[in-house]
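Chain lettering (A, B, C and D) follows the sequence in which the chains are written, and residue indices restart at 1 in each chain.
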Amino acid sequence: MHSDRFYTLSASCPDQVGIIARVSGFIAGHGGWILESSFHSDALTSRYFMRLEIKASSLPFLLAEFRELFRSEVAEPLSMTWQINDSAVKKRVVVLVSKQEHCLYDLLARWQAKELDIEIPCVISNHDTFRGFVEWHGIPFHHVPVNADNKKGAYAEMQRIFDDVRGDTMVLARYMQILSPDLCEALAGKIINIHHSFLPSFAGAKPYHQAYTRGVKLIGATCHYVTSELDAGPIIEQDVIRIDHSDSPEDMVRYGKDIEKTVLARGLRYHLEDRVLVHGNKTVVFR
Amino acid sequence: MHSDRFYTLSASCPDQVGIIARVSGFIAGHGGWILESSFHSDALTSRYFMRLEIKASSLPFLLAEFRELFRSEVAEPLSMTWQINDSAVKKRVVVLVSKQEHCLYDLLARWQAKELDIEIPCVISNHDTFRGFVEWHGIPFHHVPVNADNKKGAYAEMQRIFDDVRGDTMVLARYMQILSPDLCEALAGKIINIHHSFLPSFAGAKPYHQAYTRGVKLIGATCHYVTSELDAGPIIEQDVIRIDHSDSPEDMVRYGKDIEKTVLARGLRYHLEDRVLVHGNKTVVFR
Amino acid sequence: MHSDRFYTLSASCPDQVGIIARVSGFIAGHGGWILESSFHSDALTSRYFMRLEIKASSLPFLLAEFRELFRSEVAEPLSMTWQINDSAVKKRVVVLVSKQEHCLYDLLARWQAKELDIEIPCVISNHDTFRGFVEWHGIPFHHVPVNADNKKGAYAEMQRIFDDVRGDTMVLARYMQILSPDLCEALAGKIINIHHSFLPSFAGAKPYHQAYTRGVKLIGATCHYVTSELDAGPIIEQDVIRIDHSDSPEDMVRYGKDIEKTVLARGLRYHLEDRVLVHGNKTVVFR
Amino acid sequence: MHSDRFYTLSASCPDQVGIIARVSGFIAGHGGWILESSFHSDALTSRYFMRLEIKASSLPFLLAEFRELFRSEVAEPLSMTWQINDSAVKKRVVVLVSKQEHCLYDLLARWQAKELDIEIPCVISNHDTFRGFVEWHGIPFHHVPVNADNKKGAYAEMQRIFDDVRGDTMVLARYMQILSPDLCEALAGKIINIHHSFLPSFAGAKPYHQAYTRGVKLIGATCHYVTSELDAGPIIEQDVIRIDHSDSPEDMVRYGKDIEKTVLARGLRYHLEDRVLVHGNKTVVFR
């Protein structure tokens, strides 16, 4: 994190000789100061990935012109998938919760401390449990109940809210409903979930009980992009914690919360800082 | 954690043949059902430590009589230091904070979720920052400013509040003042601090900056009992997190928060569940 | 680990009031000094597990009489499954390898340093690669080739060797053949394998390639008892190591070796010290 | 690790606009294919660090000419400290041991498996313990006793051997003597040690006993460059392992071995692959 305003360029393209030279030559040609840079060549697929932070004040133009010049001089010749973001523009993160507080408290503490330098335009929940807590923080709260009969309408309503508040990212902070395929596709690459197992083990319901039954010695949590296939999207971050034979499923639930919130916070940060580039069903994460 | 009410017996005594037999024989003799038991013999000092959870309803007497019988039949003959606590009596934890929110939010989330099954009779702070947040949770908030001129009075006031609310434990949740020796002694074994380094490295001020200067590859946090010697009391729990050359002291502060709150919560839980037995300047922790 | 000779009692039985009292009372009644003790009650199945180390010289009888008295006075009345072992009798561990050296070197280094206080009566391999290395250490080496045509004979030969050398435990130190169901059953609870994934993820062949394809952020290793179902036996120990997008399957193979040998060594030690009690398809591990 | 031959360029220089462009432009201008690249700007000292792997066959010249052109066109204009190494030239690593086998076995297993693609021209020891084991591997063994009277001669002899075999790196694989300041200076940046604590805690003798006395809950190991100040050189890699109250100093010694050998192997690999750039008393490690 830099105190100065900066632009973050993240991109991928087919690999070839001279990519770094072309990109860095373009930036240096305009006097741009590179604060941080990461490059990765995926040997098996011959695809090239990069992420650069460039000090905004070192460039002689504004963001729109930067994007336009980069497009014509670099991105199009190299057939890039790319984006340039401005650190001065806070990302807008819509948080979804159900009845468990650990991830919600954790995210709001990070937001309060400006550790996550985001805006939270609203919180959406299928229960009314946290209305008071969320509103106390000055954040609008939407109660959108979901049941067998109203799923379609509920998810349409959630998407409408997301669009209305111009959300950039939707975070499922232990939101205990499975989103509709429509919503997953409409917001592809923008929805982040925390699953309470070390995927691919124990996808689906009650993963701690599954872990208990199998007798594993570590339990985990996985932060991933949501796709229409349950718990199968590209993995952003994972971690584990040690348990033993004396731990009941309830103990695991308790221990698990500590890694769930940490893994979610790390994965979300990587995403918000444009450190995650999706590559098929996998991710490149430039930490 | 058991759903049934239980008594927790924790004790230490000089080692000799037959301690377990004597303790467990006493309990079994009264029909007591042992839910959990841990024993440790310290070979170097020949001292014996134990902790047992006994199902309350399996015993034919109430707590006072249990204590009295245990004292005369077991504890005194074995020269024990001991206590028996009742899971139905919630411990009363007074939380001290300054201006950083991560530990406070974390503790309140655990309290809300009953993961920490305690009472928080009040929060004390040398700043007024978190009054609203704390009071929203229905917890009284005391602003006790501390400065060079009023230290003696301030610490006396804090001890008075602690006594008034019948506190069992005082938690320094990133409280940024050094308590007076008087207070440390008056509440010996009852004050828990989280220090933001892997002690004994980097005691004192600005440990992350010290870590940055030394170029270590992991940073840590330490939960310990407070004694009058700064950051030198018995260690309850520690953990670390990996960093690298690209991390500034500010990055370390941010990463460090995640282990600070986790290590504090684990250490506090061990303490509240009578899992920690102090042994000189060390601890036996029956996890 | 104690320098004095000791007996290790490990047992399980249906849970009831007074088990610890009965066991420890029996030991104390004969003047037995308990060096270490662990107890566990499995609430869901109402089964009780224990492990005790008793100083040999504190008892007034030899091992055979100890066993006989324990059987009649404690084990049978409590319907125990139990064993008592003598620290002076070294366990005999037969090591199986193929062509990878990391686990073999690691085990022999621990054996040389007496960190693993065992006898290795022989090493068996389906390749002749390590004959010189093993024999240099004064350990007999048996080359038992395994191919599609001779599997039955090969596994019979391996079992014959194991019986001939009076093996207690068979360790698959990255042995790359699947043992026959007959052998698995004949030596049930005596064969320990190290699988190069964090089970239940990525059972079977080429787990690192499976991990690469799924894009996980940690890879692991699992030490487990071998049963006739591939990679599905009771888990003794597991651990993981962090990887990222820049790691190829070959990198993972290399990183993985470090946890494979460590996890195998830990699991083997627990087993040899009678710290592992099998419970259905799970384990109680008294570390 | 790449299967193709490559050159590794590692360099640092004062920070300024256009460094990456200049370096990558030079390489691309000669058709060079960059396999891997890492850059780091140290904000506090305004120094810039980089490491690149370039496919050898993509360049139209040999190593000597590459170095000459790079020097004149890039390194000198940018005031670089730099080196270019050839993956086809194996580094020559001289291993020093005393009487503990764990690091020696571990290094030789990695060397046998070509996981460490190095030459080991000889092993030097102050004891004759491992002569047979080392010579069985076809590696010359030098017994250079060190005692109070002959230190000066002994260290001169060790330096002479190192020079004779054209050593690149000297590894203290739990070598239990303190090298002379002369030797440390003569081979500055070339001697790697593994210290059995998480430095800066517990420098000097018997760190596990120091850890036991302080009652820490994790113990560690540190791989660092040797300087004339004991255990105070730039840290390359560190790791920790959890212990508890039941672990004696001897248990810690045993647990510690597992992290010592792993941390040493990681640190040595980073060094050999030119991933470590020393920066004052710290290191930049491009993993």
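Throughout what follows, a residue touches a chain if its C-beta (ideal position, glycine included) is under 8 Å from a C-beta of that chain, and two chains touch if they have at least 3 such contacts.
All of these numbers come straight from a predicted model, not from anything done at the bench.
Peer 1: Centre-to-centre on C-alpha atoms, which chain is most distant from subunit C?
Peer 2: A
Peer 1: Higher C-beta contact count, A-B or A-C?
Peer 2: Result: the pair with more contacts is A-C.
Peer 1: Can you compute the centre-to-centre distance for subunit A and subunit B, using the mean CA position of each chain? Integer Å is fine.
Peer 2: Centre separation, subunit A to subunit B: 35 Å.
Peer 1: At what distance in angstrom does the C-alpha mean of subunit C lie from that of subunit A?
Peer 2: 42
Peer 1: Two-or-more-chain contact residues of subunit A, please, as numbers and ranges.
Peer 2: 36, 246
Peer 1: Report the residues of subunit D in contact with subunit B in the complex, numbered from low to high.
Peer 2: Result: residues 40, 42-44, 198-202, 214-218, 220, 234-240, 244-246, 248, 279, 281-285, 287 of subunit D touch subunit B.
Peer 1: So in the complex, which bits of subunit C are touching subunit B?
Peer 2: Interface residues on the subunit C side: 2, 17-18, 20-22, 24-25, 27-29, 31-39, 41, 43, 58.
Peer 1: Quick check: in the complex, which residue numbers of subunit B touch subunit A?
Peer 2: 1, 36, 100-102, 104-106, 108-110, 112-113, 115, 132-133, 136, 246, 248, 250-251, 254, 257-258, 262, 265
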